[in-house]
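Should a chain be cited, it is by its letter among A, B, C, D and E, assigned in written order, with residues numbered from 1 in that chain.
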Amino acid sequence: MTEPILQVRDLTTRFRTDRGVVTAVDRVSFDVNAGETLAIVGESGSGKSVTALSILGLIPQPPGEIASGEIRFEGKDLLRLKPAEMRAIRGNRIAMIFQEPMSSMNPALTVGKQIAEPIRIHEHRPWRDAYDEAVALLAQVQIPEPRSRVQAYPHQFSGGMRQRAMIAMALACKPKLIIADEPTTALDVTVQAQILDLLKTLAQKSGTALILITHDLGVVARYADRVAVMYGGRLVEMASAEALYRHPAHPYTRGLIACVPRLDGDTSQPLVPIDGQPPDLTALGQGCAFRPRCKLANETCDQAPPPLREISHQHLNACFLHDAY
Amino acid sequence: QADAPKYGGTLEVGSVYPTISALSWDLADWNWKQNYDTGQVYEQLFAADLSKSRRNGGKYAFQADAWLPPDAIRGELAESWKWIDPLTLEVKLRKNVRFPAKPGVMEERELTSEDVLFSYGRMNASAKKIPSYYDYLTKVEAPDKYTVIFRFKEFNAEWDYRFGWGYYSGIMPKEVATAGAANWKNVTGTGPFTLNQFTQGNSTTYVKNAQYWDTDKIGGKDYKLPFVDKMVLRTVKDEATRNTMLRTGKLDVLELVRWTAVDELKKSAPQLKWSKWLSYTGQYLALRVDTKPFNDIRVRRALNMAVNKQEIVKQYYGGNAELFAYPQHPDYGGYFEPLSTMPDSVKELFTYNPEKAKKLLAEAGYPKGFKFKVQVCACNQDHMEMLPLIGAYLEQVGVKIEIQPMEYGAYLSAMTTKTNAPGYMMANGHTNPTTTLRKSFVAGQVWNASQWNDPAFTARVDQAFQIRDEGKRQEAIRAMTRDIVAQAPYIWLPTPYVFTAWWPWVKNYDGELRAGAVRSGPIYARAWIDQEMKKKLGF
Amino acid sequence: MAHPSVDPRAVSPSLVTAQAPPASRRRSRFPMMRRLFRDKPLGAAGAVICAIFLFCGVFAGWLAPYGVNEINMMARLQPPSWAHLFGTDNLGRDIFSRCLYGAQLSVVIGLSAATLATLVSLVLGILCGYLGGKLDLVVQRMVDAWMSFPDLIILIVVVSVLGPGSWQIVCTLGLLLGIGGSRIVRGAVVSVRENMYVHAAQSIGASTSRILWRHILPNVLPPVIVLFTTRVGTAILAESGLSFLGLGVPPPAPTWGGMLSGDGRTFMFQGPWLALAPGICLTVVVYAINVYGDAMRDLLDPRLRGGR
Amino acid sequence: MDPILRVENLKVHFPVTQGVLFKRQVGTVKAVDGVSFTLNRGETLGLVGESGCGKSTTGLAIMKMLPASDGRILFDGEDLAGFKGQRQKQFRRSVQMVYQDPFASLNPRMKVRDLIAEPLEVHGMAGDRQAVQTRVSELLDMVGLLPYMADRYPHEFSGGQRQRIGIARALALEPSLIVCDEPVSALDVSIQAQVVNVFMELQRTLGLSYLFIAHDLAVVRHISDRVAVMYLGRIVEIATRRQLYASPLHPYTRALLSAVPVADVETERRRQRIVLKGEVPSPMNPPSGCRFHARCPMAMPQCHNDDPPLRDRGDGQMVACHLAE
Amino acid sequence: MSAYFVRRLLALIPTLLFASIIVFTIVRLVPGDVVDLMLSQNDISADALTREQLVHALGLDRPIWDQYLRWVTNIVLHGDLGQSLWQSEPVLKMVMARIPATFSLGVLALFVALTVALPIGIVSATRQDSAVDYVARSFSILMLAVPSFWLGTMVIVFPSVWWGWSPDVRYIPFLEDPVQHVKQMLVPAIVLGMALSAITMRMTRTMMLEVLRQDYIRTAWAKGLNERQVIFRHALRNALIPVVTLIGLQAPLLIGGAVVIEQIFAVPGMGLLLLDAVHQRDYPVITGVFLVVGVAVMLINLLVDLSYGLFDPKVRHH
C-alpha cells in the first residue's frame, strides 16, 4: 500500500464558549489514502465538521484553537505552515465542499467568477483563461448550457445546481483531496443520488481522495471505502465499509445501525432507538463519552476514555468491553 | 491728519441685524428693514449730513435707528428745499444724478422729478402701507424736471422723516417696478452701490456704482465716492461665528457686538477699534393694563420698585447699561429728559424699594402677591436670561411669574392680535421721539402691548405731531414722556450698551451706523480700506 | 422573483433577530446583568453611569446644595470652588445644582420620549407587521412620507405650533422617533410572524390578541429594548439641538442642552465652566446610554454572541 | 372503513405578484393541484415527495390554515369550508399539527408548562391551576418526559425532547387527527427512532389518525399503513405500505425508492438504481402532459400531451401513469 | 428596470400628496399667522379692515381646501409652487437657489462620513475586540453623543482664538470658485459628517461582522484567498447593502436637517431657508421646501433602492 496522502494524528480542537471549554475534536487520528473515500459519520455535534475545518486551518480563532496534534499532508505538517503556505494549499491541493449549497456561495458574484477564482489565484492564469476553465468545469458537473450559466448568479440556480457548482469549484485546481462536509444533507434523495454519483465518479477519474462527511449510514454504505465513526468528538470506530456493516464493533455503531429504519427492514418490530441524549461536550468528564447511553457500560468505562485498538485487520475500535461481548 | 484715501478693495460688514435677511426688495411692501438692504442703492430726498459726525469734529454719532438731529440733515437727491407757504414745500432736485444702466431693466438715464412722483405715488397706493401715513399730504406735483412740490393738508412733525429720509422714502425708478421690484436682480438706483448678489440668510453683495454723483472732502480735497469696489453685508445668525469672523479679519466691520463678547475680543484682537453706543431698542416687561391686577397703577408701580434695576445694570450687564433710556433716547437732544431732573414719581420707579412695593401691593389688595404669565420671545437670548432674574426679584415681594417662551412668529402674533399674556417681555425700537410714544401708547397700535388706552394721551400725541415749533414740540413730548413713565404701563428695564467694532484699516469710518432710517449706504460709501495696513497686520 | 416581505430599509439587521433564547444555563437570577458585567465591560460602565445619573436625577432635590433657580447676583460667574463645585453662572446660580436638576429633566425627557416612542413604534409596528395587507400598505406610505422629512425640521414646526416646553418636546419627539422606529418593530414582527410557533398558535385557534400578546410581543422585545435605550439618548440630544435653536425647554428650567447652548455659549470665555459641566454631563450620559444599548444589543442578539 | 378525512380534488394556488404599489399578478404557484385521498380513523397515511412538491401545503389546507382554491376537504364527513364559530373551534380541537422544526415551532419565551397548557387555555379547558398542572404532567409523561421539566424553557432541551414537547402540545386537546409535517426530519438518526416510537405508541393507545408527511421513505414505511407519493402538486401513486414498497408502479416512486441508500454495504452494492435526470420543475409552470415526463426514464410520446389521471388498479393501489394502464 | 423605476415614481405620488396635505394644513394651524407678522413688521394698526385687505391681498381668505387645490393644480399644470408671501419671489426659484449649498454640504458630508466610516468600520470588524476596535467604536459613539452645535462652535471659535485661524464661512458658490467653495464647505461638512460617520461606521462594522460569519466567506477562505481578497471581493459588497440603505435613511438629515450646522457656519442651505420661512410664516415657502426636500429624499431613496442592483444581483433582474 502506498503512503497515505493525509495523516491526522492526535488532533484536538477546542472552543472557548459561554458555557465552558468545548473539546469538539479529541485526539483524533486517521489516514486517508490516495484515491480512496473515507467517510466520517456521527451525529450532529460529534465533531465532524470541526475535524474537516481543522485540516484546512479554518477554525475561527478565537474562540477555537487547535490544541495539539499533527496533520501531515504531502509531507508537510499543515499545523506548522505559515499562513501564506497554507493558503497555497487551500482550494488548490485540498478543496472543500460545504453542507449548505444555499449559503455557501457568494450571492453577489457570478457562479463563473467564483469557480474561476481558485484557478486564478493558485495557477495565476488570466481571468479569461480561468473563465473558460470554469465553463469546462460546469460542463463536467453536468450543468446544461454551461456557457450561459457561468454568467448566472447563485440565486438563479437550484440547490442541486449550486452543489454541482460547488463541486466544480472544488475540482478547479485538481486537488489531491476533497473534503465534502455533508454535501447532500440539504438536498432531495433523487438529487442526492445524482450529486454523490457525480462526485464519486469525478474523484475516481482524477484519483482524488475524498473525505465524505455524513450522518447518513446509507450514503456511507454506498460510497465509502473506509468509515470512521465519531462520537462526542472522539473517533470510536474505524474500519472498511464492509467490515463495519458486517461486524460493527462499538456499541454506538451497533446502535446506530439498528435504529435507522431500512427500506428492507422488518416493520412489525418497533425501531430500536439509542436511549438518552447526545453528549454535552462541555461536561464529558473522564471515561467513555458514550457511557451514559450505553447499555453495557460498567465502572471501567468511567475511568478513562477507551483507546482505539485494532480488533482485527484494519478495524479499530474504542471500547473497553469489546472482548466482553 | 487724515491719510489720503485709496480706492479699491472689499468691505465686509457684519450686519447689525444679524438674524434678519432682507424681508423684501419692493419698497411698496413697506417693510421696516428695507432701507437697510436697499439703502445702498435707492437714495432719498434727505440724508444725514455726515460731515457733522464726531469723526469730523461734529457732535453726532449717527447711530440712532430712525432719528436724525434736525441740524444734521442735508439734501441727498434734494439740492434744496423751501416752504413756499406753511403748507407747501418745494424741493429742488440735484441735477445730473444718474441711474446707471441695468441690463434687462433700464438704460442709463438722469433722475427727474417724475421718479420722485412715481415713488411717492407707488408707496401711497400700496396695500401694505401704514394706514394714514401720508394723510397729512394732499398732493405731490412735479412742475418741472427738477422740482417737486409737496402740498400739505396740515403740518406734521414727521414730515421730513416720512417722505424724506425715513423708513419709507426710497426713490425707485419706474423701470424697476415694471421689471418687478420684488426681485433683487432688478433692483437699481442712484446710490453709491449697485446690488450684485443676494443670498437670503447669508449675504448681500453690492458693487461700486461708478457713476455715483457724490464726493467727500478729505484733507481739503474732494474725492469721488464710493471708495471700495465691493461691499458685502453679512447676516450671520450665530453670535460665536460672527465674533470669530471679526476676530480673524473676515469681517472688517461688525456693527453689533454684545457686551458679553467685548472683553474677549479686545484681548484676542487688540487692534480692533470700538464704538460703544446705547441701544436704540428699549426693553421692558409690558403689563396689560386692561387686565387685573395691572389695571391698578399701584400694582404696576410696585412691580417697578420691586425690581432692582441698579443691580441689573451693575451686575447683570456688568455696568454696560443705562438705567433710563426709554421711551426717549438720550441722543434725542431736546426730547430726552434725564432721570435726575425727573419728578420723584418717576425716580421712584427706578429705585429698588421692595418694602414700598409690598406696601403698595397690600394697598392694592394683594398683600400675598399674585401670579401672572409672562410671554417672551425664545429668540431673544438676553430676555430669556434676564427674565428669571426679574422673576426672582418679584418673588421677593410675593409675585410669581410663569415664563412662557414663544417662537418669534407666535410671540409677535400674540401682540398683534392683542391676545398677549398679562406680562409681555419685549424689546422695542424707539424709532424717533414722536413715534416712540405713538406706537406704544396709542390705542389700537400694534406695538401697544400693554393695551394702553387713554383718549387724553392719544389726543396729546396727535397734537404733538402738529406742533410746528420744535422747542414747543420738545417740551410737549418731554411732558408726555414724564407722564407715561410715571404711569408705569411697563416694568421699565435698563437699556444695554452695544458695541460696534472695526479693524483699523477701515478708514474714514468711526462706527457710524445710520445716515437715515437704518440706512447705512452713505456711510459705507465714504469708508475706504488701507490695504497696506491690512497686510501689515497680517490679514 | 418575490420581493422580500420585509422592507430592507427598515430592517437594521442587528436589531431584528427576534428569538433570543437566553443564556443556556441560568446560574444567577440576573443572567443578563452577569453577562453584561463579564463580557461587556464598556457596556457595564455605561449602565453604571446611567444608573448614577438616574440616581442624581431622582434625588436632585436632596443632593443639590443650592436651589435650581437660586439667584445670587453677587456671586455670578465664579469659577469652580468648594462652595460651588462646578462654579456659578451669569446669574450666580450654582451650576452643580443645576446640572443635578438637569439630570432630572433629561431623565424625564429622555425616558418619557423614549417610552412614548417605543409605545408608538410597538403599536404601529405590530399592527402593520402582523396584520399586514391594506392597512400596512397605507400606514407604510404615511411612514414613508413622515420619514422623508428631517426630524429637526418637523420638530421645529411642531414646537412652533405647540410652543416650547417639556411635554411638547416629549410628545413630538415621542411621535417622531416612534413613527421612525415602527419600521424596525414592523421588520421584527414580520420576521417573528413567520416563525412556526406563531403558526402553531394560530392552528390551535388562538385569538389574534393572544398571539400578539403572548407570542409576538415577547419575541420582538429584544430589538425594542435596544431601540428604547438608544432613543433615550436621541431624545436628550434632540432637546439640546432644539435648545440651540431657542425652542428647547424654556429657561429657567435647567436642561443641559439649554445651559450649554445658552449662557454656556455666551460666556464661553468669561466662564468656560458654564458650558463644561452641562456639556460633559450631556455627552457622558448619551455616550453611556449608547454603549449600554450596544452591549444590550450584542447580548440580546444570539448571532453576535461569542460561541454558540 | 371509517374515513375521518377525505380530500377531494384539492387545489391550493398562490398568486405571484409583482410591483410596489399596484401589485399585479404575474403567475400562479400551483402548489397543490388536484389532490384526492382518504384517511381512515386510526390509520396513518404517509405523504412523501421531494421538497416543494406540496406536502406541507396540503397539510396546511387540511388544518384550514390555507384556503383551498378548489376542491373539498371533508372532516368527519363535513366540509371544512362550512365551519364557523363553535364548529370551527371544535374542529381546531380535533385536528392538531406537529411541525418539522422543533426549534422554531416552540415559542422560546414560554415555559414548557405554558406551551402545553396554551391549547387548553385557548379552548377554555384549562380549569384551575392544579388541574392544568396535572394535565401537563400527564401529557409530559405520555411523550416520555419528566414532570419537573415543565418549568423549563424550550432551549434547555435537545431536539428530540423538543419534538416530544411539540407532540405533547398536540395531544393536549385529545385530537382525533394529527397532521405531522416532517416531524423527525430535523432530528439526529439516533433520536429519530425515539420519536417515531412515541408516535406509534400513542397511536396504539389513543387510536389517533396521522397524516404523516415526510421525505424519508424508510421512516414513512415504518410508520404508515398507507403511503401517498406526491410529485409537483399531484399524487402520483397511493397504496398500502406493502404494495408500494414491494411493487411500486409509478416510475417516479421506483426512482425515489431506488435513490434511497440502504445502510448495508451488500444490499446497497447489489441494488439496481434508477438515477433521475434534472430536478423538480417549478410549480409555477408545470410541464404539460404528465408532470413527470421530462425526468421519466420511460416516457412515451403520449406522456408529453396527456395528463394521466390517478386510477385505482382494483386492489386499492392507485397510480397516475400511462404505463400502468 | 425602467418600468420598475416608473412604478416607483408613481408610488411616490400618494406619499407626496399625503405629506403635502399635512404640511399645508399644519403650517396654517401654527399660531401667529403671516398677516399678524406683516402687520407688526410694518407697524400697521391692526384694525379689521386693513387686516382683511391684507389677507385678501395674500390670497389667504379662501377656504383652506380651495387654497390647497389651487396649489396642487398649479404644481401639476405649471410646475409652480407659488410665491413667497414676503419676497414676492417664486418659491421654486428660492428653493432652487438653496439647492447648491445644501447639495455640496450633503455630498461632502457624505463623502467625509464614508471615507472615515468605511475603513474604520472594516478594520474594527476584522480586528474585532482588539484595541483598534475599541478605540474606533468609542470614538464613533462619542461622535454620536456630542451635540453638533457644540462641536461646530468649538471648531469655529477656538482655533480662531488660539491660532487666529477660522474656517471661512463667507459663502462662495461652487460655480464662482470651486476650490474655494469646497475648502469652505469642508469644515461644516466634517462636523455634519461626524455623526453620520459614527452611525455608518457602526453599521459597517456590524454588517461586516455579520457577513464575515457567512458560509460563503468560509468558502472563500477554503479556496485559499488571502484576507484582502476575502474582504474586498467577497465580504464588502454584501456588507454594503444595509450601509447604503442607512445612507438613504440619513438623506433627510443631509438635505434639510442640517439647520444647526447651516446656522453656525452660515451656509445658505435649505434648512435655514425653512427656519426663516417658519419664523416668518411664509407658508408657500414652507410647503415648497417640504415638498422639494420630500421629493429629493424620496428620489435618493429610490436611487438607493436601485443601487442595490449594484450590490445585490437578486434585485438586478427587475
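Just a few scattered comments:
Quick note on the criterion: a residue touches a chain if its C-beta (ideal position, glycine included) is under 8 Å from a C-beta of that chain, and two chains touch if they have at least 3 such contacts.
Every value quoted in this text rests on a predicted model; they were computed, and no experiment measured them.
Steps from chain B to chain C, taking the shortest chain of touch contacts, total 1.
Compared on C-beta pairs in contact, A-D and A-E come out with A-D as the pair having more. A separation of 49 Å divides the Cα centre of chain A from that of chain C. For this pair, chain D with chain E, the centres built from the Cα atoms lie 53 Å apart. In this assembly, the C-alpha centroid of chain B lies 38 Å from the C-alpha centroid of chain E. Those residues of chain C in touch with two or more other chains are numbered 1, 24, 160, 265, 268-269.
Across the assembly, chain D contributes 21 as residues in contact with two or more other chains.
Shared interface positions of chain E, i.e. residues touching 2 or more other chains, are given as 14, 30-31, 153, 157, 161, 263, 278, 314. Of all the residues in chain A, the ones that touch chain E in their complex are 56, 58, 83-84, 87-92, 95-96, 98, 100, 103-110, 117-118, 121-122, 153, 155, 166, 169. Of all residues in chain C, only 1, 8-9, 11-14, 42, 141-142, 144-153, 156-158, 160-161, 233, 237, 240-241, 244-245, 257, 260-261, 265, 268-269, 275, 279, 282-287, 290-291, 294, 303-304 touch chain E in the complex they form.
Contact residues of chain E toward chain B in the complex are 30-33, 36-47, 50, 53-54, 57, 86-89, 94, 97, 153, 156-157, 160-161, 164-166, 168-171, 263-268, 272-273, 276, 278-281. Those residues of chain A that touch chain D in the complex are listed here as 43-44, 158-161, 188-194, 197, 215-222, 241-242, 245-246, 255-257, 259-265, 267, 270-275, 277-278.
Chain E meets chain C in the complex at residues 14-16, 18-19, 22, 26-27, 29-31, 134, 137-138, 141-142, 144-150, 153, 157, 161, 202-203, 206-207, 209-210, 213, 241-242, 245-246, 248-249, 251-253, 255-257, 259-260, 263, 271, 274-275, 278, 286, 290, 293-294, 297-298, 301, 304-305, 308, 314, 317.
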